Amino acid sequence: MTENLKVSIRNLNVFYGKKQALFDVSLNIMEKEVTSLIGPSGCGKSTLLKCINRMNDLVEICNINGQILLDSVDINEVSQDPVLLRMKVGMVFQKPNPFPKSIYDNVAFGPRLHGMTKSKEDLDNIVIQSLSKSGLYEEVKDRLYEPGTGLSGGQQQRLCIARALAVNPQILLMDEPCSALDPIATAKIEDLIAELKQQYTIVIVTHSMQQAARVSDRTAYMHMGELIETGMTKTIFSNPQHEKTQDYITGRIG
Amino acid sequence: MTVFLLILISSLAVYGFILNKSKASVMSDTNIMHSQPHYHGLYSAFITLVPAILLLFFWSFIVNMITNITLKDFFSDITDTGLIKFYTDGVIGYAEGATDKIINHAGFMPAVEHYQALQHNNKILQFIVISTLSLMLFRYSLKFVEVEFKARDYIERVIVIVMRASAVFAIFVTIGIVLSLLFETLRFFDSVNVFDFLFGLHWSPQMAIRADQVGSSGSFGAVPVFTGTLLIAFIAMTVATPIGMFSAIYLSQYASENIRSYAKPIIEILAGIPTVVYGFFAVITVAPFFRDMGAFFSFTNMSSESALIAGSVLGIMIIPFVASLTDDALTAVPRSLKEGSLAMGATLSETTKKVIIPASFHGIVGSFLLAVSRAIGETMIVVMAAGFAANLTFNPFDSVSTVTVQIVGLLTGDQEFDSPKTLSAFALAFVLFFITLVLNVISLTIVKKYREEYE
Amino acid sequence: MNNISARNKSEKRFQMYGKTAVLIAIGFLVILLFNIFSTGISAFKQTYIAVNLEIPADFDKKNINPRTELNKHFLKMFPEATTRTERRALLSLLSKGARYEFSELINQNKERSIQGYHWFLASADLDMYIKGTVKRQGDTAGRIDENQMFFIDKLLSKNLIELQANKYLLSSADSREPEMAGIRGAIIGSLYSILIAFLVSFPIAVMAAVYLEKIASKNKFSDLIETNINNLAAVPSIVFGLLGLAIFLNFFELPRSAPLVGGLTLALMTLPTIVIASRAAIKSVPPSIEEAAIGLGASKVQTIFGFTLPLAMPGILTGTIIGIAQAIGETAPLLMIGMVAFVVDVPGSPLDASTALPVQIYLWADSPERAFTERTSAAIMVLLGFLILLNLTAIYLRKKLEKKW
């Protein structure tokens, strides 16, 4: 395992209007690892995740101070274009949200947008590769031109992952990707995450401690907008340093 | 007499209400009643009043019919139905003392006597029958005050019937529209061929003003009117669609909550301004403006009632419809789709063009069709700003006419009854109703289906 | 590999299109309102001429012709008017209305003497010149010729011409003379129509809405009613006019041009609007409250009248006011039922012949007289004032009733 720093969050404070959502959060995310963010509802883990690809820009009343360095460059600097950032940092949402287009067009959306391909063959290749990477290709290869909304929930979520992979990102953010799925579909996604981390840096927000324990290399525990503890997953779960983490893991809060 | 009768049965009903209510409240001191005392009161009042009123209504209706028929017999030598109507009205007016004008006709005074005798007998008979009925029902209703009696259920059943009737009333309005238009339209087609109307290229109904005129049938080829309507609607949509849609896109995707909360109501004020105001605006402001523009570009063959003027002002009026319906369609798209696209690194405009608009396409098409229907059916702007002469042209600088302009022109001012000229207005209105109905049904179905997609 | 600057430019352009569209729409509104106000505001003032009267107390005031008497006094002020043409030019500066004002003045002072300068209504041509609507060219201005201009200049130099508040506009009905024409008749006609429209459509619409939302089971029939109402809402208003013509005038033989018929026709037109708004309001009442009432033993009808309707009332009233506001500005259906006649009397009952405010606007807008243009704008200002008032009421009602619940 290489120990390269991919994202470095430094003293991040986030406000929604007057309400402060994150308090002085600092966190390092390593390349080609899975980092999971856990904590009780409303602790700010989704907020933190959304800061990494600046999805919080969409919220008018949101104010951010502090630094987020991606490969040592501050992503919030004026010169940084959110479009380019989001190409590098893909995102998968809580609820599968395929566009009401065909499966093919869903995956081809990003490459077309960013003008990544010169020919139809290139595009076909990207679509097939992305669908293969997300383990969906075999299931849908005969109906690539049918609407993506016709797939089952788990398939839709994997389609969304394929869609995110198609622009060849470096980082994949996953916001509780399995919360709307049944256990079998969840298992498939978890297997997929394990495979994807060969190539991608993954940050996953999850409600399920078991899931965090199963898929992640590192875990960060958050509480009331503060980052309480971070470390290797094994350590956190077997030997938490902080009392609150201990309480959460053992099910006393959350 | 009738007033006295009404007062009598009303007071009977009030008396029944008081009697039954007090009787029931005495009972309720010692028993648990099914219905509250005032329901028992209402029950009595209802039983006393409603049948009597209904009878009075039908009675008057039938007697009126009989009177009209028998009065007509006195003027059997006259063939013109309009004139007979005039005479019988005169008879009634004289007999009632509303006028002292005597019409010079042998049947007039006998008719007056006949009418007075008929009315006299009728009033007495009516009074006796209806007051007896009411009294009997009043006595009958008094028996019902019992602990077990479900007065409330009866009253509520009546209320539900009234509600149902109100809802069904809307259907009768539609049927009324269809029948009244259809009836006159069919009479129009007695004198003018359907195909000549629908496919004829020449429209000049004014020819038919004087019956003794040569070629008095006029010509009723409605194609120029239809093309004029389409031309103006097309110009209106060309103005309204881009402005309305881009406004909706800006306000729903880009504008801050603050700007949106001001700009949206301001644009909607445009929809609240009466159309007659737009018509005036077209005449005093827009027409001179276009004329000056035409003069500036030394373009002189522009009509002062050109389709362009009416169409563009109509377009301004349509903007808020397009904007607010498009806005509804755009905001109905789930936020997750927008986020999904933005997270892929799409800009907001790319997201709008490639995800949000395709996803709300049905709704936008529906709103577009509704706006077209609105443009076709709008009357005052075109009446004031477009011409009455129906020219068959697609030149926006020429003067054209529309279906609604023709209807207004044909039905206001001096009109003779039953002439093809007057009836043609109904035929045009029938076409208008049919086309707007089809557009509305299609757009409502599209919008409904689309709404279900995201529910 | 990335054409990011081009994409950002296209993003900026797209956003600019949107901003421009919004600004254009708002710009139209501003231009429209500015136009109406700038042409209409002058109609609230009217030109008056001062005439020197010398009528002794013992003068026989019963047997005078007010016209000749007034003219006599006016001519006396200008001995230099000798020829017939000159005298006619001078007298034409007064409106026909002046003689009515004069006889009213006489009636008020039957036993007293009348001395000194009194103000009388000037003709529309003079009014247009004084207001600057018609510009002076040499010794003429529009329809004012040299002779008239001569006397106008004299009157002006003596300060005998003045702009005063226009009392005709809001207190009299239509007239052929622009300076005497007012909108009182049209306003009363509109109010009658709207009142009838409200009284007819409101109960029917609310009952229908309650039936569709709370009583009808969802079946083909209630679907039919629903589609039917939605379609009625989009039927062009002129079609309702034809319906009124066929049903109320031709079939029931109600009087032509009467606000009663206008009101009934507008009632049919507003019905669907109120039904749709009422249904939305009823639907938004939380079912938990109704369930609680039914759980306590209230019947369905009691629940509806005791809980559902009072809770839904703010929404229902707002929808009704919006429907009524639409109806008050509606012109086309009224044209069809003959409320477009030239009526010089203020209607005394809903059965009298009458016009309505928007129809009056239409009639005046059609008139070739320049002086009617400013009156049209003024009538529009009054109409818009009514609409603003209605909308403010809707907002107020909603706020007030919402707080209560």
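Order as written gives the chain letters A, B and C; numbering starts at 1 within each chain.
The rule is simple: a residue touches a chain if its C-beta (ideal position, glycine included) is under 8 Å from a C-beta of that chain, and two chains touch if they have at least 3 such contacts.
This structure is a prediction, so every number in the text was calculated from the model and none was measured.
The most central chain, judged by C-alpha centres against the centre of all protein C-alpha atoms, is B. Of the two chain pairs shown, A-B and B-C, the one joined by more C-beta contacts is B-C. Averaged C-alpha coordinates give centres for subunit A and subunit C that are 62 Å from one another. Our note on geometry: subunit A versus subunit B, Cα centroid distance of 57 Å, whole angstroms. Between the CA-based centres of subunit B and subunit C the separation comes to 21 Å, rounded to the whole angstrom.
Those residues of subunit C in touch with two or more other chains are numbered 7-8. Looking at subunit A, one finds that residues 83-84, 87, 114 touch two or more other chains. Multi-chain contact residues, meaning those touching two or more other chains, occur in subunit B at positions 347, 350.
Note for the complex: subunit C touches subunit B at residues 7-8, 10-11, 14-15, 17-22, 24-26, 28-29, 31-32, 35-36, 39, 203-205, 207-208, 210-212, 215-216, 222, 224-225, 227-232, 234-240, 242-243, 245-247, 268, 271-272, 275, 299-302, 325-326, 328-332, 335-336, 338, 340, 358-359, 361-362, 365-366, 373, 376-377, 380, 383-384, 387, 391.
Within the complex formed with subunit B, the residues of subunit A that make contact are 53, 55, 58, 60, 82-87, 90-91, 93, 95, 97-101, 109-110, 113-114, 160, 163-164, 167. The touching residues of subunit C, when paired with subunit A in their complex, are 1-4, 7-8.
Considering their complex, residues 81, 83-84, 87, 114-116 of subunit A touch subunit C. Residues of subunit B touching subunit C in their complex: 152, 156, 159-160, 162-171, 173-174, 176-177, 180-181, 183-184, 242-247, 249-251, 253-255, 263, 266-267, 269-270, 272-281, 283-285, 316, 319-320, 323, 347-350, 352-353, 370, 373-374, 376-380, 383-384, 404, 407-408, 411-412, 425-426, 429, 432-433, 436-437, 440-441, 444.
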